[in-house]
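Okay, here's the structure, questions in a sec.
First chain written, first letter: the chains are A, B, C and D, and each begins at residue 1.
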Amino acid sequence: MARIRLGMVGGGNDAFIGGVHRIASRIDDRYELVAGALSSTPEKAQASGKVLGLARIYDDYKQMAIREARLKNGIEAVSIVTPNHVHYEAAREFLKRGIHVICDKPLTSTLADAKKLVKAAENSKALFVLTHNYTGYPMVRQAREMVANGDFGKIRVVQVEYPQDWLSVEQDFKQAEWRTDPARSGAGGSTGDIGTHAHNLARFITGLEVESLAADLEAFVPGRKVDDNGHVLLRFEGGAKGMLWCSQVAPGNENALRIRVYGETGGLEWAQEDPNYLWHTPFGEPKRLITRNGAGAGDAAARVSRIPPGHPEGYLEGFANIYSEAADAIVAHRDGQPVPADVLFPTITDGLKGVEFIDACVRSSARNAAWVKL
Amino acid sequence: MARIRLGMVGGGNDAFIGGVHRIASRIDDRYELVAGALSSTPEKAQASGKVLGLARIYDDYKQMAIREARLKNGIEAVSIVTPNHVHYEAAREFLKRGIHVICDKPLTSTLADAKKLVKAAENSKALFVLTHNYTGYPMVRQAREMVANGDFGKIRVVQVEYPQDWLSVEQDFKQAEWRTDPARSGAGGSTGDIGTHAHNLARFITGLEVESLAADLEAFVPGRKVDDNGHVLLRFEGGAKGMLWCSQVAPGNENALRIRVYGETGGLEWAQEDPNYLWHTPFGEPKRLITRNGAGAGDAAARVSRIPPGHPEGYLEGFANIYSEAADAIVAHRDGQPVPADVLFPTITDGLKGVEFIDACVRSSARNAAWVKL
Amino acid sequence: MARIRLGMVGGGNDAFIGGVHRIASRIDDRYELVAGALSSTPEKAQASGKVLGLARIYDDYKQMAIREARLKNGIEAVSIVTPNHVHYEAAREFLKRGIHVICDKPLTSTLADAKKLVKAAENSKALFVLTHNYTGYPMVRQAREMVANGDFGKIRVVQVEYPQDWLSVEQDFKQAEWRTDPARSGAGGSTGDIGTHAHNLARFITGLEVESLAADLEAFVPGRKVDDNGHVLLRFEGGAKGMLWCSQVAPGNENALRIRVYGETGGLEWAQEDPNYLWHTPFGEPKRLITRNGAGAGDAAARVSRIPPGHPEGYLEGFANIYSEAADAIVAHRDGQPVPADVLFPTITDGLKGVEFIDACVRSSARNAAWVKL
Amino acid sequence: MARIRLGMVGGGNDAFIGGVHRIASRIDDRYELVAGALSSTPEKAQASGKVLGLARIYDDYKQMAIREARLKNGIEAVSIVTPNHVHYEAAREFLKRGIHVICDKPLTSTLADAKKLVKAAENSKALFVLTHNYTGYPMVRQAREMVANGDFGKIRVVQVEYPQDWLSVEQDFKQAEWRTDPARSGAGGSTGDIGTHAHNLARFITGLEVESLAADLEAFVPGRKVDDNGHVLLRFEGGAKGMLWCSQVAPGNENALRIRVYGETGGLEWAQEDPNYLWHTPFGEPKRLITRNGAGAGDAAARVSRIPPGHPEGYLEGFANIYSEAADAIVAHRDGQPVPADVLFPTITDGLKGVEFIDACVRSSARNAAWVKL
């Protein structure tokens, strides 16, 4: 089966997430990266494109969208891996030309942009895939499947957190710089960068939407313009309650995304840094350790696993699962078929939910952690 | 040195915590249990007293207080281990007769009682010791010492939680029954029974008081009259912020009290179920595992440790530390000396703070998690 | 029920294990320590006895045995907690006068002494209890019960180890000094001090005796006269095979005794430093975490547990279990009854097996790790 | 830079390791798989090649070697991923035509073949790379670097193990079938399949060769023709001693390769199933957790890491590191340059050492675990 011709916007030499997307696209051999506008600076865009050996290098994404759309074998999909404030305009250019978009999270830097992008996607035949990559981990799929199967009964409590420590002090390298600039990152700092991952993970696993939240955000590092710590109370549809904590000032935490879900008849626990394990406790029985592809793991996890249990898959494989799910959808689209039922990836709706979450956190915190509906 | 003559109120045959107090009082050989009114039912009180071989068995605590106070070698201290609603009246009887009180937590079942008991203690020469036993763990002492030494810089974030699972379903045995009855337990359910432990631990380690809180309490099990899950946002004096979660409906959690504290220059983590370990991360350095009496552990922990590292001490030893600290204070009192400076135990002030915490949680939750000052 | 009158030989001020025995004897309130010959130096014996408030202080153990045997209310049992080379002669004095002996391990410093002591015990009506204390841990009992129940099928592989690090360099304090002196410790260094614990634990849990072994012992620290590291291949009766590793020169290990047992249908794992957990994997199913007194734990563990799951019991409670089992046996003996069937403690036979193990290791190693029958 | 043209021998549809090699070769985008003889059955070879979209599909490897060597743009390297007994003849065909060989472990199924293959490699200008993939893990590189830097002083003790459980019962699927057939797997069962990994890992990290060993091998499952459990005592050059355990009958173990190394001044621990962590204890200091790319990790690990700490890399990335190291060497070879000094991959010498290890284990065990020189 022919590889999907892929382009990339952003992701030049000094970027982190662009390289991740490129590896993720390669792991299952479903894509071939052929074109790119890898930087907002034309010289950098050219230089980075050459290093990668791209067939077609562009100075800017709009030019790329226009030309690729006209080529007989132009790109079928584009990965957008720029800072947040560029997502909306870049994605729109490709969507309106029927090129599938694989976009980094959060969807946009403002809620207004997010809503406009939803419309742009609705008006396009192209697919829109958001890389809330943690939903690609096999044991996250396992957790979702178990909740859906009723293994925990009705869900009561959701504890989700994503602490980091890298912004415990003022940092001035590029990754830190744009992520703490509200003009580029959006109004949320830790809430936007990692809180949205936690929020999305809770929704994905439980299948429940957050109805309202109360957020107490703080910028602990002097001079910081966006929150670097967020404490959020959650109320889910159907009566479940939760807590969400995101922080970039918690020394000893690297990417300690972790979720615990408790229902009437059992509980589960999963941690991103040890992603091949899922802890499951049926109430009144010993805790069980389910391993990726191991005893007790089901179809949903097996679908997105490559190797036997005890040989760990990691972040890049989870990320690759989003790309490979997208590939299945794109190939179905090529053939005029609907997306297969078992294909699962975060959509623009998830993206909008994420930006609404950030917006609600910021508004709640501004009102002394008052409850805000979502 | 002569053992301290000890009495006990509550703690009959079918009680759990009475047995714990008795073992704790024996471990360091500082007490001799000689008298008791071990049940509110006289027959049970007699039977339980005989099983324990008590020298003097009473039908009720008031009778015991009166008679022991008159004896030449009457009890010097009494342990009060009844359900919460009895604490106030029982403690008052002993305090007013100059008998030291070692009382289980929470201090009382109502805030009004707590305030009256504070006055009773102020008017007594006797000591008042509250068994917030988790403060007796050596590595909790270590954590407190490190915070006080400035090892973490100014504290920014405190995450504390105490989940259990035993009340995930309706239970009707004795321990469950009185703990879910507001008349005996107080207005707080999980908040009173275990949330106070979490609150006290955060105060003890950080040395910071909670200034205000916003609590979202819930009774998930149908028919339950008190909360079985509490989500609480905390604001500490000096600007630190925190989250406190207590739950009795979280399957897979036995007594999973856990605290994480983050400051400008480092972070720590401690978990009650693995109490001999303290994780310490100086920002920018590898995480370190400090063990009880092992490398990196200091004087505060060594003072309350009995055996070498790698041989675990547990819950009973931590509880015994409260008793042994109390013994040091009682012996000093015997001799007309002040309590030695390094002796550390939870006081009636801590007890009042705990009841204020419960009261604030209940009031905040009744007002839709509005902020309540403490 | 009247407490058992207990004496102690060894365990003066600067000893470690004497204090452990005293706490262990107190935890369940079955003993009262009334007499002692706590040091081989009379002045120290007197001073140490006074600190403990002993009723009767002796200058040496023989004098103590003679006089206590004549007293109407003399000691019923004696704890022997001296360096190893004293065990035999001290124990003999009490055994021949009908006083029960609770003796620290290893049984003796030579195999000849061990055999003589076995005869002395056979000729005495008194009980002999060896404090291979790790067999007192509830989850060790659980493991033994599960093996006996056939939960693992026929046992195939046993991996047991006890690494420490405290002798990684030359040490000159008292504990190190006698333990590395073959005249007092015996011919085995790490094999005698901790290897015997590992050997006994394997026997206790599996119910299998070691038939032969091949040992490669080493003294890594220059000038050391006994082994500080032992690598041992084991062959058990019935065909199971195993490895035993003991070391005192393994930095990062405190008292890391750990055992793993694998049978036809499942495996288990237990570690002394986290003693409240037992890992059980039925082949083809997820690994399960059984906790002390928690879901999945059975009667054998419950019998020797004091408090609910999630509240850790530790080394001292495990040690106390040996004392309390001994107390049950002693009380039965008082009443002319046989030792109750569920009472379980290490006997002089276990002690002899331990000394045979040490002897076999030393002989095997001297012959280039040749196989030696046990 | 042009991708390296790669062929593959073995690795058809129902193979496991072939797919792993393909992903590993893609992750860093250094190879393009263009040709293959993917099965010893021509129909399967054709079918599997078509599924992968190979440019050139061959019925057998010899035909492939001959033709590719003649093509202008024939393959530059070949991956050999067949059962062990095919390695020698297949590798020889490519080596003698100057095509680089990337070969799965163990090197061959017999020692005689291994020695012949060494000669074949010596007579070829082509490179020979053995995929002892665990040496590709960043924290294994970190461990090796620390040992080489003298962070542990002189090495004393090495404990290495690789337990699995999948062969606890008789299995008849393809992976199990050839691995338990001495004609295809070689004389070692667990020793050959996984014991060699453990042996190689110990050599790689410590830089020490095993001088002699004593092995007690067993086939526990009735009817099994090769060992499924191996207990091995090790003596290293320079005086260090060790134990190696490999097992395929240890329920609860998936791929639990784990190594612990102790020297005069410190110890380390690494486990394959949690590969992003390295535990380091400087004697007398707290244990430290070094994470991949995190605080405390050095250049050797960073060289082979792709993403920030806290985002786990796994088995496939470690495997990819071997491929990418090989790619650096192949590119240097293209340009007539020596292999760069920091490029590190297992060589044919490592392969020979591995087969010698298997052979020594089998011979030692046949002689009742007598010492055998390596």
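Criterion: contacts are C-beta pairs under 8 Å (C-beta built on N, C-alpha and C of every residue); 3 or more make two chains touch, one makes a residue touch a chain.
Please read all numbers here as calculations on a predicted model, not as lab measurements.
Trainee: Using the touch definition from the top, what's the fewest steps needed to get from chain B to chain C?
Mentor: The distance in steps between these two chains is 1.
Trainee: Between chain pairs A-D and A-C, which one is joined by a greater number of C-beta pairs in contact?
Mentor: Of A-D and A-C, more C-beta pairs in contact link A-D.
Trainee: Can you work out the whole-Å distance between the CA centroids of chain A and chain C?
Mentor: 55
Trainee: Need the CA-centroid distance for the pair chain C / chain D, whole Å please.
Mentor: Measuring from centre to centre gives 43 Å for this pair.
Trainee: Chain A to chain D: how many Å between their CA centres?
Mentor: Taking the mean C-alpha position of each chain, the two centres sit 35 Å apart.
Trainee: Out of chain D, which residues touch more than one other chain, so two or more?
Mentor: 253, 280, 287, 291, 294
Trainee: Given which chains touch which, is the overall layout a line, a ring, a star, complete, or other?
Mentor: Drawn as a graph, the chains make a fully connected set, so complete.
Trainee: Residue numbers of chain C touching chain D in their complex, please.
Mentor: Counting only chain C, the residues touching chain D are 152, 156-157, 159, 161, 165, 168-169, 214, 216, 218, 220, 229, 231, 233, 235, 241-243, 245, 247, 249-253, 260, 262-269, 279-283, 287, 368-369, 371.
Trainee: In the complex formed with chain B, which residues of chain D make contact?
Mentor: 280, 284-291, 294-296
Trainee: In their shared complex, at which residues does chain D touch chain A?
Mentor: On the chain D side, the touching residues are 1, 16, 19-20, 22-23, 26-29, 53, 164, 253-256, 272-276, 291, 294, 306-317.
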